[in-house]
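Dropping the structures in below, format is structure tokens.
There are two complexes below, and they share chain A, which is joined by chain B in the first and by chain C in the second.
Moving on to the complex of A and B:
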């Protein structure tokens, strides 16, 4: 690559500059347009009767009283919707042996978790629909719920759903090297059993969908609070038998998503059918109670793991058993097995050892489905690995920093293949560790800790290295048969006034996608940023693409925009050369003006070129092709994933009388390759850290023995609030990926990936003088007092 | 419960007479009846802060108040506070500091910030964090919000006045 590439590193480049988000201004003025805000003419509202039981057979449904209620327009059961909608199954071909029961919008005869939607009511207002739901009578015949994972795996266990031969959704074994020999030869072995609670996304805007079937044209328009409009266009088309080109999915402003809003939900699929049946727009917004019992949950792992060490503290081998409970179905279309798969493949990822064995069991039970949520699998793999590394350090008599210096993959040892099957292009663990210890003033913190211990104040310091998966290729879903795109597409076009519009398939949920795409396009074209408008989130206007998930917006979407902008730039300069009777290579565009490349002398403005092309093509030489719109696609090539890395530090104070933990400070050093906008990257990392700290200390979906969620409200389920969260200091190392011209990797999961691990190590560090330890998150005061032997 | 009741109140400086069901919350009236969709509902039980509005100058959860209880009150929503430029400096500081991502919590955050600075013009960071303890944000991790409010407190103390928010270039 020649001239334009240098633009990335220009002193005045937009790439690498902190700029604020143009699209944030309407949100600050209360002018956001979320699906929850949308109203269409003749719009109706849906509400759902939900199962009170975790597992039951539906014996009889009596709708007569409900049908007579005011405002009711339609009541639909599973059988009604099954006539319109093909069922779906949450498996992927490359997860061999995986199984899951078929799913319908609403169940036909068996309910599989407490809270599952059973009957839909459509009425003039939501309140009327809810009133009518109260009047529906259903006879449920209770069946034994499968709740405990060990019991679920017993051969004679009750089944989570009819038709299952057993409750194992998916099993996977990895074995590389000679693990038994390594453990036999080890000087030390450290082992632990870890428990990771279920938590859930709790986006502040709940799930929301508004489906509008127009029978006169055979067109379906769905306004959907989602990250992945194209995925849903494909699904609504195929499951309802509507041609894809007649299905439009629009994702306007979305009030948070974090992976939760890219799965198929039964209510959402039902709403499409309800609109078809009612012949009118139908809207459904989950209320907060419904969110807790129907949004996907995440994590829920029990991991038994051990590592083998030589006498000097070198890690030799790792052996892992992960049992994860996923609910009664595997979610669709991404499945509920990706989390477990990434847990066993990310284990030990920052370290050098070669011998590795793992077993994964994804188990059915009668609870809400679990599936992909921010940093899929990462926090589990990281917490298990990093806690074991700290335990090993203690055993070997090494400081945690020295232990990591000894065992991290050296920065000059890339490319590197992990024993779990991943290939790392270039990571920077050593640089990140060095940077972190400086930022933390690690030695001083250790000295202060020792002093304070003497006066009965118990502080803990925890660190955690991590590897993050970003920029996924089709190796993620495409090869498994899922119609989930790993590529993105952009249309970049010059308006007649010489402004530029970029319509791109990556989407915005507040992380700043549109801003960074605008920066890249402006930078690569040579335009002021204010003259570039970015449009996302509508299948009718942008090319097909994967959208936003698994940290791909900057790395893949950004590269798509870069390549598209370069193509358009060539077209503009070629046309300008024709007009100016110059050579294309003698020209450049800067600040919206075509200039002489060498002297910078202004030749003609982009606006003038656009005017000529659009209104006075008669003045151009015959045969001139003025192509001021470019459509371009980019699919990742080279490494199947662009791995990133980093390290986090956490400083806590434990009150040993109450079990309360005060988080004093948190640090992150992360390496996401080229940083396009430091302001946005830092805020992605901070937000991610706080989600990880929530998991570490507060968040847990608690169930009783009957499979009933007992804390399903925002008053009972604890989320991290401002007063409990620390200031978070962030540092960067930039190791570019050579697979793209842009060199960017993802940063969205980095914070969540290791925050709970760093916190777990910090709390254990604080517990260490008491010979106490904890291997479960969230680390609630009760659990900490129990660890201390006080209760 | 479903019989409409007449209701008079002032919203964003305008006196309105409208009808509401007795069970309708103020949040629902604002959003549905008056199309003031900048007031959001996140939990509908008064813990997330997304629905905060000013009622007679003090922040209240619009989801916890029945519309009929607001009879005779003066309500200000994010739309009204924006139009009269009362919070333009907060909006600018939030924008510059990227103290919002999805924006769903933002109107409530701004109401809380405005009320905090009215009663405590120079709060410490800890006091800001404490004042925000009823405003849930899943995206930002809160630090940028604390920074933005701290900046505005400092600017207001120095007598700086912000231009109307909407007039600023992107």
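Moving on to the complex of A and C:
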């Protein structure tokens, strides 16, 4: 399947080249157009009254004072919006037995987390809407909140929502091989209980939506800061009963998403209804406090796991119990079970072993919903696996590198089926490990560590192998009944002046999707990059597709663009052959000119071909079909996922008196198959590492016993900042997927997948002389001082 | 969130500011750099009916040295504490603390007067005023008075400033070559409010400490002087035994609050580590 791509030394060979982003200057110059920047005639602003309680019944709502406030145009309750909008339920058919309470834009009579939107006010300005929110009187009858996961699973526990038989949203058991026998026969067993804090995405641009219902045409236009405009077109259509063709969703410039901007949020769904009720455009932009209490959270897992080893240190079996607290509802339409599912299926993924058992429990509680956020499930599976592997190495008397050399799946053992149910096409763990130890100068670091320990300086070295899921097929969501596309579509066309436009369904949130699509199209068409413009994010303009999530932009979107561009190239060359009275196979396109393939002699420019096709078709022979626009779709076939892999190393210094950790350096070797733009891949990996180190040391949504989020501000929720981040060195191995011509796999989640695991191992390595250890992230000074017995 | 509506006044003189504030009947706030007040307004944690912007009153500016006292106008910005040579020479604790105060954008606008008048116990400058023995010059409708730092910080966000009074300037005993100063703090991230911070100012007489002032931030409702630790240093050489006794004395000086994130015992432990390191660095510099 791998048609050869051109060599890097020919003109317009952009695949594999570090080029800058065409949109970067515009955004830096402040010329970006985010939803917040958009102003429509007669536009109104929404603000929400939010529940002060984690769990309560709404006994009475008094709107009279608020309705009389200046500028107020509309106040809507859950009952008002329920008349317009069908409720939704966050389950998928292939997660058998899953349940979740039905959700409405605003609650009818019960609030399920502190911060849940209860009443919407629409006014001339946001400030006026907020003034009126303060004048609304609601009688809440407090109900006992469910906050602790173990208590939630007790049979007589309070329920997180009325109507639930119990607080178990979803349970899953995996069992392959004979785990009990393997553990019984093991020379060593290592086990640990791990705790992973809740965190949230903290995008630079918060959630923002501007809905405009036009009753005269029966058309809904929604400008929405989202990754997935097509998914929302479908959802607004189905839940508001508007024909899909009458719903247009536009994602303009979007300032970061990380998976957070593809879920249905109650406020967003409400804003559509508010526009219908007001008959005017209505805008809502979440402020930072609202983001903390209503954006999806992620992680929040308690994992008990053990592995069995033989006397030589070979991993025999793994046994895992994951309990994850998902909030009061399963999120929609992708559910809150995907992370747990990926945790139990990615356990031990880089290693050769046969016997595996896992149990997953996704538990309801009265907190914000959790759902998919960058590297869904990966950091948990990776940290558990890699920490256990380090513990096992210590028991077996092996260096962590030797332990991995012994147990990683060999590079020549593919295809490989994991005991957790995944099939790997081709991975490169051994190559990556070798490369990493060279980059780290591993032996020297170990020698330096020993030397410094003698003088009271405690450094730690941690490594973590990982497997990343990318390029998901319909097996991910489509099979579960969700109308979330696994395919993408592109329209590539030549303009009358010989430029090219590519309209494609993958979307851009700052990661460089448009850049790489432009590279691929220019490369395939033999055009200077400046002559290709990529257009994304408008359901009225771009073909239907999955858009950008799960590291599918390059692998699936890129392949779509490549195939579309090749079709257009054929059409252009065929037309040129007609004009030139030559054979198509004798011609090539280079630098915007049709040339003789063998000699490179210029024959005719693309602009001239376009001029003839568009304005002088009378000069073409009868029957000539000049097709200078091509529409093309591509859906992944072959493997259900394109798995990628890599390894990370982390070097830290632990201040044993204060519990503070200085991250000295971080290394990544990753294999995302064909690299389209090395610069963007490295920046994706670095950004991902920073988010992983944030999880390892800083980020945590903290709740009190009443279910109140106690650190919902950027002063209290610590995102990683440049001063604390180390230099991050990145190396690559390229193992192409044979499923596509492009051979690209995803890279956007690689950094996040293993950074926290490498950091956890590094800190534990630093702790080892004190016979101390930690199995919880974030690793705060308080937790480290406790581990050291200093407090 | 958006601030509630308020009226805005920009007086040109101290007298005018006091009057404009007084007629508001208690529903006013002074605003200078706005680095704490503006977020509080936006979050609707505060909603004064009237803002009195004192940033354009020239009499509140200026840095000068007179008769052994350094006078800093209340509008002196954090960035000046960082950069000004007179401050570096005669109030070195301010210069040492300034790089730890938030980030450059905030330091460019934030004022020393605003920080000290707010009296956030986790802020660096209020604690350094305590460590330096500064005196606050305060203007009110009744006239002007001076209050020493030791009796200025009363409780959480409460100071000797009466409603409507304006902090005009700081008078700081000018440090000289006989003083040794050190500042450090432990913050999760550079620029964050610290878990604990400490400024230490020793007056040396030969190899012995003749007097000491030590102030901690983020250990209670106000900035706190460590008087027992100070006393343990006086008349002694700054050796490791002395340093250990000063660290031990902190048990008498500090009674940090207990919270789930930072237990009281941890804060006391970190205060001791920090003091030990600061004194150790001063001993090494000798």
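General observations
In the analysis below, the second predicted complex is superposed on the first by the 779 of 791 C-alpha atoms of A that agree within 3 Å, B and C clash if a C-alpha of one lies under 4 Å from a C-alpha of the other, contacts with A are read in each partner's own complex, and residues count from 1 in each chain.
The rule is simple: a residue touches a chain if its C-beta (ideal position, glycine included) is under 8 Å from a C-beta of that chain, and two chains touch if they have at least 3 such contacts.
Since we're looking at a predicted model, the values are computed, not measured.
Touch criterion met: A:254 reaches chain B, while chain C stays clear of it. Look at A:721: by the touch rule set out above, it reaches both chain B and chain C. Shared-chain residue A:218: touches no atom of chain B or chain C. After overlaying the two complexes on the shared chain, residue contacts for A:690 are found with chain B alone; chain C is out of touch. In the superposed pair of complexes, A:509 makes contact with chain B only, with no contact to chain C.
Legend: residue contacts after superposition of the two complexes on their common chain; A:127 is shown touching both chain B and chain C. When the shared chain is aligned, no partner comes close enough to touch A:241: not chain B, not chain C. Residue by residue along chain A, chain B and chain C are tallied for touches, and B comes out ahead.
Of the two partner chains placed by superposition, only chain B is touched by A:680; chain C is not.
When the two structures are aligned on the shared chain, A:27 is found in touch with chain B, with no touch to chain C. In the three-chain superposition model, chain A touches both chain B and chain C at residues 127, 287, 715, 721, 723. Those residues of chain C that touch chain A in the complex are listed here as 1-5, 43-44, 186, 188-193, 195, 260-263, 265-266, 269-270, 273. Every residue of chain A that touches chain C in the complex is listed here, in rising order: 125-127, 130-131, 134, 287, 289, 657-658, 660, 698, 702, 715, 718, 720-721, 723-724, 780-782, 785, 790-791. For chain A in complex with chain B, the residues that touch the partner chain are 20-22, 24-25, 27-34, 36-37, 70, 127, 201-206, 253-258, 287-288, 509-512, 529-530, 679-680, 683, 686-691, 713-715, 719, 721-723, 725, 727-728, 751. Here chain B touches chain A in the complex through residues 2, 21, 23, 31, 36-45, 47-48, 50, 77-79, 82, 91, 94-96, 98, 100-107, 110, 125, 128-130, 132-146, 165-166, 168-170, going by the rule given at the top.
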